[in-house]
Amino acid sequence: MAVDAKQLAAERAARLKAAVELKEPDRVPFTGIGGDVIAAYAGITSYEFNFDYEKQCQAIIKYVKDFPSDQPVIGMTGLGNHVASMAFSDYPDLYPIISRVDGPTNDILGVDYCRFPGRELDENSSPQFIGREYMSAEEYDELIADPVKFCFEKILPRIVRAFRDMKAPEAHAAMARLALEKAKAGAAMRDMFRQLQELGYAPGGLSVFFAPLDFIGDQLRDIPNLIKDLRRYPDKVKAATEAVLEPLLKVSVNAKGPGVETAMIPLHLNEYLSPALYNEFYWPTLKEGILRLAELGMKSQVFFEGRHDAHLETILELPAGWGTAYFEKTDVRKAKKLLQGHTCIMGGIDVGMVISSTPAKLDEYIKEILGEMMPGGGFILAPNIGNLPRETPIENIRAVYEAVEKYGKY
Amino acid sequence: MVSPEMQKLAQERAARMQAAIELKEPDRVPFTGLGGDIVAAYAGITAYEFEFDFEKNRQAAIKWLKDFPADSPVGGIGGLDNLAMSVAFVDFPDLANQFFMVNGPMNDVLNMKFARFPGRQLDEYSSRQFIGGKNMEPEEYDELIADPVKFSYEKILPRIAGNLADLGSPTSLATMARLGMVKAQQAAEMRKTGAALAELGYPTGGGSTFAFAPLDYIGDHLRDLPNLVLDIRRYPDKVKAAAEAILEVLVKWTLQGKAAGAVQAGFPLHLNEYLSPKLYREFYWPTLKEYILRLREEGMRSRLFCEGWHDAHLDTFLELPAGWGIAAFEKTDVRKAKKVLAGHTCISGGIDVGVVISGTPAEIDEYIKRLLGDMMPGGGFILGPNVGNLPRNTPIENVAAVYEAVEKYGKY
Amino acid sequence: MREQLLKSFVDMDEQEAVKIARELVETDGGAVAVLDTCKEAMEEVGRLFEAGEYFLSELIAAGDMFNQIMEFTLPKLQGEEVASLGTMVLGTVQGDVHNIGKDIFKVMAEASGINVIDIGIDVPHEKFVEAIKEHKPELVGMCCLITLGVDSMKRTIEVIKEAGLRDDIKIIIGGGRVSQAVMEHVGADAWADDAARGVRLSKELLGKE
Amino acid sequence: MREELLKSFVDMDEQEAVRIARELVESDGGAVAVLETCKEAMEEVGRLFEAGEYFLSELIAAGDMFNQIMEFTLPKLQGDEVASIGTMVLGTVQGDVHNIGKDIFKVMAEASGINVIDIGIDVPHEKFVEAIKEHKPELVGMCCLITLGVDSMKRTIEVIKEAGLRDDIKIIIGGGRVSQAVMEHVGADAWADDAARGVRLSKELLGKE
């Protein structure tokens, strides 16, 4: 690896680390912006991006070369397979092959909640999670008694077509095929990460942790049912969140590895819940999860999807320097007033602006946001949601990168 | 990259083998070469390393083939027959063949009841061994006959694979995933070995795939040989019906190997030596014969490795059309076989491993000279060891003596 | 009785609200009273949501109560024509197959008296045009949850323009990723990224606020 | 009765042979008669095998019949000492874990009156020496199925020499891969690659043929 690439990688890592440690780095750390646009920029369909490993890697390398940032922008090529991660949480070596469902994996497994371009969707659509009710309210006690066994025996067969009958040869063949397919994917990824290293990006990635109530809402009961459960079976829901906490932590540890010391925590139900419900059902086990991850040597990067304004103060219950709060709709300026010096704040770029605005306006927009957020450090510039659509004007993207280059210096 | 000379050498070797198979006289006698445990010893590694470390295995094979070149490559990772698993997954063409040969790392994942590996169940210098056992009760013949695939999957697999004992449990599913991981790593290693062999002038295309006499499936993997021999007397009709049912599944399995590019199917024969001609003709040969003919219809040749004594059944080969394939003999004297099968069946073997172990270079030179003198005329002969495994401390000068003698006397 | 129904509904006391509604609907003219009270309650819940006191959890619970009560109230209303504020064609745009946002909005819109024609998810541009011709709605609602939907909305509105139908209707876009900037970009008349705001703006577009 | 037993046994007629033996054993002196006849039958089966008329399938069936009959015959023999023509220590050499060949040979050897001490499979060299010291056999049988066994046999015989026990015993090697050349190589007294030949040569070594 060329010397300057190694040096560049070290600088980028230090920049991000300084922000997370609430200091002022040399420049504002910028995660870069991308998503479905990566495939469009390389002239391939989303289907090809999701199903052809070589084309996917080439598209990512081309995009990252033209739009360098502090983290490689690799787009979204699949969905979490969180029930499977829990069901096999006692088999850490399986984590890399069962934790995510990309296009080819879905062809093998047939996961009920997955929709992929070129399959259930048109070839330029993006992969989507469409969950439904996989667990009935009567099954709360079983979930509470043994979440891992329950997820394996009851839920997995309901969400994975290949596991409809766990005893059958189809289920066992699917596992073997999955490993063989993931090996192919792994080979392509290794090649891509080698090229990324040459472009000055240190290898690594993010582990994942799931807020216990989100796990129940997204993966088991479906959100509308879960919300009604809060009123009808409050004690069972609470007991369930405590029961699933331990295995969910085990999953996060399974994902830990060299260069993978941060757990990404995507929140979904936060925006749905009133403060009362949030504080009674959602926050206690999420908070305990973040604290336990810290004990396990992992920082947390919580993605507060939607509007988190009503629950912002609860973040102060965490120890200073606990990690990063990544905001989608909550105004980062408002968050900074409350959390400066306690929590590293991430976000700031409204994807809607990048899609609809003009290069000149975007230059002004970035200048203004950086002017307000950079002082005092503890800030990472990122898009409020991780996916720029295919038709996002390239000149707008370039304008953002140029503006960050211009105004990003401390 | 494969140099032009090596490409030419590969073509010559392939043509030499092909001519013998087509019962003609090639330029030189095709020689399969000697190998086995000695390949590891020659490279200074243990049997354990040879079975479990793909890189060391490859280096040992390359070192052996450079010093002892022959017409087909030797060495490389071997394994034990795991036919019950291939049958259980025969409806998954991309997998069935992958599960047939269980090597060291695969057995670490599966923990097969029949497997003994150096550095695991054996000391690190022992060779791997298949120890059959009784996995099926006589009362289960009807179930086997009704659906050999379902029976092999639901009843036999859990009994012979330690980590698949509880099908549908997290362990059994995790085991299959881990098997996939090991196979994926090995696929990459196989490609590397293939490339190395090509660079040493060995033909790569048109390989061989697996096949198995239906009755040997029952003997080796279901009832165990002694019990099957008794079953033949106590439940003759059930044994026959089982062989018929199994035939369909095994032909389907072998043709999957054809789809992957193989042009030849290799049968190891085990029960042949146990059976009187009468029992052989009534129970063993009919389904084996139909198997060979069905493969022939699909353009595939068969190679039968007749272990032990096959003298009493030599004439049955004549029921096959001339040029059907290769008969390799372990104990049957190839000269005796030639008298019966010349011009009809390509004969393989001839070198008694005992002589290579205990003879002197001079005796070996004479032995090979006489053997080639008797067997080469008329072609249709492939020289090779009667058993594929030379022990670790076979005197290397004896091995060299064999190769030199073949070089000297092998020209047509 | 109406006061108690309104209070228990707004306070999210499901058993109480359903009990009172069942009693009230048996009295003559009770069905209309129950319907109007529930509409009023839903409006109050929407207001509390926009004021930041109620959240999606309350909106969903309210929508669920509304449906439960309508199940035994609507059959009794067969006689009297239910005054509708107007008709809306509602669908999730092409390429987006999410429906959770659309469903919450639909319950509240119907509760507020809007006659909603739901044309599903992943809706091709032409299907919007056909639905507009068939139902002649005053309003068209386009939902999308993922950013990919932004372009679909833009193209759908262009197709509606080409069909010469743009000026006959008002278009409101809704979903997690919409904003003022996106609204201007796609050429819609209003935007809302939550159901309560969506219902309020829909009524404004119908000139009913 | 003895003739019928001998004929049905040699003809592999299992039901018939077992039936006659059950009857004969009840008559006084019957047990010894049954044992002698079965021994004779086993010898005849061995002879037919070596003549190429019988095969392993017949050897296995004969061994199975012999064991079935001994089950109800041996208990009746408690009184009269069963004339044993000698003692043999039998084992599969180190590194080889096969037992199928050893087991077929053992049944036939016992049927021919040899008292067999089976010391198992994968037998370390020293264990052979200990067994020889303990049981003072006239014969030692070493089995191996795979070529790896050749070297183990050679080393085992060297260890027996070093222990000064070589001349007190005769050694016969057996199994799929042995031959005259291998016998000379390892320094044994006889070799056999089938059970019938093995029993015949063992009796010769005991000076009993």
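Letters A, B, C and D name the chains as they come in the text, with residue numbers starting at 1 for each one.
Here is the rule we use: contacts are C-beta pairs under 8 Å (C-beta built on N, C-alpha and C of every residue); 3 or more make two chains touch, one makes a residue touch a chain.
Please read these numbers as outputs of a predicted model, since none were measured by experiment.
Ranking all chains by how far their C-alpha centres lie from the centre of subunit A, first place goes to D.
Put simply, the C-alpha centre of subunit B and that of subunit C have 72 angstrom between them.
Centre to centre, using the average C-alpha position, subunit C and subunit D are separated by 92 Å.
Between subunit B and subunit D the centroid-to-centroid distance comes to 31 Å (mean Cα coordinates, whole Å). In subunit A, no residue touches two or more other chains. Touching of two or more other chains is recorded for no residue of subunit C. Contacts between chains trace an open chain of neighbours here, each touching only the next in line.
Pairs of chains meeting the touch criterion are A-B, A-C, B-D.
Those residues of subunit B that touch subunit A in the shared complex are 88-89, 91-92, 94-95, 98, 153-154, 164, 167-168, 170, 172-174, 176-181, 183-185, 187-188.
Against subunit B, in their complex, subunit A makes its touches with residues 87-88, 90-91, 93-94, 97-98, 152, 163, 165-167, 169, 171-173, 175-180, 182-184, 187. Listed in rising order, the residues of subunit A touching subunit C in the complex are 35-36, 115, 120-122, 124-126, 128, 130, 223-224, 227-228, 230-231, 271-274, 277, 306, 309-310, 329, 350-353, 355-357, 385, 387-391.
The part of subunit D that touches subunit B in the complex is made up of residues 12, 14, 52-58, 60-61, 64, 95-98, 100, 103-104, 122, 146-148, 150-151, 176-179, 181-182, 184-185, 193. On the side of subunit C, the complex with subunit A involves touching residues 12, 14, 52-58, 60-61, 64, 94-98, 100, 103, 122, 146-148, 150-151, 176-179, 181-182, 184-185, 193.
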